[in-house]
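What follows are several structures.
What follows is chain A paired twice: with chain B in the first complex and chain C in the second.
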Partner chain A sequence: MISDFIKRNLSTSAIWLFIIFELLFFSIAGHYLSFSDGEFMDLGNMLLLLQQSAPIGIIAVGMTLIMVNGNIDLSVGAVFAIAGIVMLDSMTWGMFSGLGDWVIIVSWILALAAGALLGAINGLIVWKTGVDAFIVTLGSMLGYRGLVFMFNGENPTSHLNWTLVDFAEAQFLGFNTATWFLAGSVLVIWLVTRYTVHGRNAYAIGNNRTAAVNAGIRVGPHMVINFVIIGFLAALSAVVFYSGSGSVNPNDGQLYELWVITAVVLGGTKLAGGSGSVIGTLGGVIAIQLLRKGLGYIGADTSTVNLVIGLILIVVLFLDRQLNVKGAQELKV
Partner chain B sequence: MTQPTSPALRLEGIVKTFPGVKALDNVSLDVMPGEVHALMGENGAGKSTLMKVLGGIYQPDEGLIYVGDTAVVMSNPLDSKGKGIVFIHQELSLAEELSVAENVYLGELPVKSFGRVDWETLYKKTDTILAKLKVSFNARTRVGDLSIANQQMVEIARALTVDAKAVIFDEPTASLTDAEKLVLFEVIADLKDQGVGIVYISHRMEEIFKMTDRVSVLRDGQYQGSLLTADTNEEEITQMMIGRKLDLTRAPLNHELGDIALEVRDLSCGSSYRNVNFQVRCGEVLGFYGLVGAGRTEIAETLFGLRQPNTGTILLDGEEMHIRSPSAAIRAGISLVPEDRKTQGLVLGMNCRDNMTLPQVDDMTAGPFVSDGAEVAVFDLYRDRLDIRTPGWRQTVGNLSGGNQQKIVIGKWLSMHPKVLIVDEPTRGIDVGSKSAIHKLIRELAASGYAIIVISSEMPEVLHVSDRIVAMFSGEIIRTFTAEDVTEDNLIQAISGIKSK
Partner chain C sequence: MANIARQRILTVIGKQGILIAFMLFMVIFALANSNFLSLDNLQSVIRSSAILGVMALGVTFVVISGNLDLSVGSMMSFSTIVVLDLHDKLGPNLAIPTMYLMTLGLGGFIGYLVGYLRLNSLIVTLGMLSAIHGLTLTYSGGQNMDIADKSNTWFGFFGRGEMFGLPVPIILFILLAAFLGVLLAKTPFGRKVYAVGGNPTAAAFSGIPRARTVFTCYLISAFCVATAGLIQASRSMGSQNTVGQGYELEVLAAVILGGASLLGGSGTILKTVIGILILGFIQNGLLLMGWPFYVQFVITWIIIILAVWLDISAKRGKLWASI
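And then the complex of A and B:
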């Protein structure tokens, strides 16, 4: 019974073991190699790490749902940039000039609605055409990015609202605003996957789509909802991030889709769909961020960091495959 | 009796233990050259494990394998093939986009200088093999364009590229039509004449008696003995397999029939079926019998909203219905237990309870969340009612036996209280013991008032469970038999397209 439990949770718990390993490794290695005075496992450092994990993390939460479904969304980086532009630019629109700081709420709603809409477009195309989500969102990734450049050419879109900056940099119970948004997204989607009909259906569809259809589940609308959710979360990520930075560069969010997918896969979600968890994804996000920070801490440069993360991704998937193949064979007996 | 030759293949005292299970316990088996040796046993009896030992996928803990007179070690599947042991698997493993020849010689393509493929030799060698099998396609045909039966011939052709000492057929007829089976049997007979030893694994008794010389039975990983096929009968073998007697006589059909639950009038759908008319009453089992491709499954799919008819009407409780999707069918009270439970009926990676409540989980919520208690209650109810053997609801469905999986699918629909239950191939791939349990269940459900449609390709099954039998041939209903006027002969005639007056 207990070994069964461990086996079932191995793919999720493995990432947390890996995080502990990272923490120990960087603390010890940092002792000998680091040029900075501070300890690696310093509280402030860890809090900063969580804050910096938020932009990728919030999107990765949505991606988990999409990938459990057996789909993928490559357009999240472009949606992130569009939502950022919508939020910052709408604050300067003449029609909202009388609102004072209330414009923040309106801009947020507009940005989030834009993200949800772009997600809905992805979802509807996947549903109505039956084209693979990979292809559809590859197209929309290029298309949405095109929209970003059409809006302001190569120039950044900037607007600073100090109330907004204060909000973004605020802390509550020691955690930064961005961290709270990450935690909230994880909690909500975790509840959805674990305890709601929608979540149950997501796993069923990813596991066996035909059987799900035969059980009367309306697969198309279900997928559209998931694309709306990830579009919304990509926009939420942008809203949180740009509230602080106040400037969207047209190249912002590029390669986010790949970092997000890396985090989700590291967290134990299968590309083929049908299994995975948001908690694992959170672990994946933190693991990557730790690696980036830790390698920086012991003096590695950015290119080394990417190389190491790439290698670790492959090694992790290899180990996962080994474990699962063995498990599958034992089950067949 | 003198034995002039040694066995083509001999297994001696094979033991294979997995953590917690003794999958094979001192199993011995020998196959003479030119002998067709049936290997039988319920699912989980150890047949597949034994074959995996033979194929080099598992290494035995104890015991020896002999090919001819020499003891051998099978280190992997390729090694096993190299030693003359060839497998024809139930599931085909072919590259559909490649030609027949490329598939036959996959991994061993003849090459000429600079590593180029020697296409001429390849096609010539393949055509020589195909000629032996008397097939209608040639070496250049794309495999994806072939029927399942012909694809199986490609698998067999692949086996013939080596000097096979023994060929193992694992449920070879599972997806074949009767005509295709005959061709397969001829090929097996040819192999036999060439002195190849054949191991024939099947659940189908008629085939065993038609094809094989000897029968060996496994039960719970133990060897139960071998019998000459000519000296035994169905009952004896079944008893060896399950350790008790099996009842396959006609079920008594003495319950009262209710109102007409479902009526179909002049239903047509493209080339699948035409002008189909039938009725099912509450409390009745209507059997659909015919060859694969006769249009039976397509009718079921239409009733379940997976297909749209061109013309015709469907009446449920006398009311005309337009069923556009499975969810609409389920709401209207029509449920389908599909042909292939693993790919169409179950979410194999999910647990028993979640599978059973999948279609109705929408109605089991407390606030935004699914109510655990309501789900477990439904699962417990149908586990007891259908006698589903599982350690608990958390068990992953993929780990259950075929019979228990099928009961989960049936339980899933019963818990929705349908009016009409359509069961497509109720016992495909299910072992003999569980088969009769499923048959009994279908009869009991009818007795309790459900209108049931059973589609089956097995005549004993359709005869056993049905009150009336619809015989289909090539998309048309040839005749509807009642329990009194049906015989095996006139049923076979009807599904072969011979209309009687």
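And then the complex of A and C:
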């Protein structure tokens, strides 16, 4: 009984144990190695960490849903850039000039709709053509990036709106705007996966597609909805991020897909689908950000961060294989 | 008799859809721009495709065996940086074999993880993409690598040299493609690669060693990556740490365009070469027509999806999926 309980919860709680380990390690190692006077586990530092995990984190929440469903989305980085451009550029359009600061709301809606639309295009292609999501989104990663460049060539798109910047820098109950958006997306998608028919069906499809089809679940529409959600969340991430920075470079968001997938996998979601949780993903996102910050704190450079994250990903995969009974049996064949 | 012959021709056409698309593009571009089919232009396209092409040859093996390799881009940066650094320290004669050994070591490590430990290749190579990038940065200290004395070395031969009137990168590409093509199509090892990717269970029951076959595929991929790194280093004689960034997905796009299935078990070297050439000629053709480089991204997107879609719908006998 108890060992069952441990086994069941190990995969979801392991990431939080790892986060505690990271916190302890960097606090202790920091005493000997760090050049800065501040403590690592400083409240301000932790709040900043949550704020910085928001752009990747919000997308990772959507990616969890996609991967639970047994798909993958490589185009999120390009959708991120497109949504940013739509938001910043639409604020300068002549037809909205009479709106004053209300233009912010309009441009947010436009950006989010653009993200959802791009997601829907991916989803519809996956559904209707039956081509693997990996290939479809690999293609649209290139295609959407092409659209980004078509918009303004290789020049950055910039527009600063000070009301918007104030909003992005604002704090509510001690947490930054970006942190609230991250928490909100985690909560909403967690509720979706736990308590809605769509969420339960997404798990069923990822776990056993044939059984789901036989049970009368319409696989296609659920996939499209998930792609719309991840497109929307990629746009939301861009909207939150670019509200503060006010300038989109056409190369922005490149390699985001890889960071996002890394976070989701660290959080315990299975690539094959059918298992995983948004809470675990949040843990994965925080763990990566802690690692980046912590290694910087004890004086390691970015190269070490890349090396360590890559190796940790492989070690996690290996341990997962060993702990998972089914996986261990396969290992002997 | 005539009927059977005609049917056979039709099946061949059905199977060679990508080749027909390739011809079609060549004709369109040739009509649009008279320079397109000039010998100089053809040579320059193949020459600039050679680096991606060499990498795609190795990735073809990995994909046919039912796995993925996302680490080839950062591995290629690694070999480029290493060979440039060692060139000044050891001289080219020692630098090149050392670089090959180090890259093969990385490939062997991935092959061990995916082949013998049976870890998921997508995540392993995703992790290695990041890890090898970190390794490269640590090795170079984040600095660009340059050969100190660029004029007094024969190292430029692989990227800039010419033999029999052809640029050396093209010759390397052709030689490697011919060798690997024969290896894949005409040897027992090649059959094993198809068997392992096409039906792992049947392969296991036939006594085909999955682990060793997959391991060897990753070694072949690493060898190709090292060759690509050598060409790149030799051509530019200096390099950034991120020279191969993003190549992994371009290479994969070319392999898929050539008709290899991500599920494994299908694809050929010739089709991969065609996939690479299509990407190269589209890029070149659009540039000659005066269109900016990013239009090719959008066109590549459409072509990839159309190519795979037609392939799949031919197999299932229906255009649209029914779920």
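As a working rule, the second predicted complex is superposed on the first by the 322 of 333 C-alpha atoms of A that agree within 3 Å, B and C clash if a C-alpha of one lies under 4 Å from a C-alpha of the other, contacts with A are read in each partner's own complex, and residues count from 1 in each chain.
One rule holds for everything that comes next: contacts are C-beta pairs under 8 Å (C-beta built on N, C-alpha and C of every residue); 3 or more make two chains touch, one makes a residue touch a chain.
The structure displayed is predicted, hence computed values, not measured ones.
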item: Partner chain(s) touched by A:Ala215 [first = chain B, second = chain C, both, neither]; value: first
item: Chain B versus chain C as contact partner of A:Leu191, first or second or both or neither; value: first
item: First, second, both or neither for A:Thr262, with chain B first and chain C second; value: second
item: First, second, both or neither for A:Ser303, with chain B first and chain C second; value: second
item: First, second, both or neither for A:Ser275, with chain B first and chain C second; value: first
item: Superposition-derived comparison: chain B or chain C, residues of chain A touched; value: C
item: Residues of chain A contacting chain B in one complex and chain C in the other; value: 213, 218, 330-331, 333
item: Partner chain A, residues of chain C touching it in the complex; value: 113, 117-120, 122-124, 126-138, 142, 204, 245-246, 249, 252-253, 256, 262, 292-298, 300-302, 304-305, 308-309, 312-313, 316, 320-321, 323
item: Residues of chain A that touch chain C when the two form their complex; value: 74, 125, 127-132, 134-136, 138-150, 153, 213, 218-220, 254-255, 258, 261-262, 265, 271, 301-314, 317-318, 321, 330-331, 333
item: Residue ranges of chain B touching chain A (in the complex, touch as defined); value: 18-19, 21, 23, 48-49, 304, 306, 325-327, 329-331, 336, 338, 343-350, 354, 358-359, 361-362, 365, 368-370, 398-399, 412
item: Sites on chain A touched by chain B in the complex; value: 191, 195-197, 200-201, 203-204, 207-208, 210-218, 274-275, 330-333
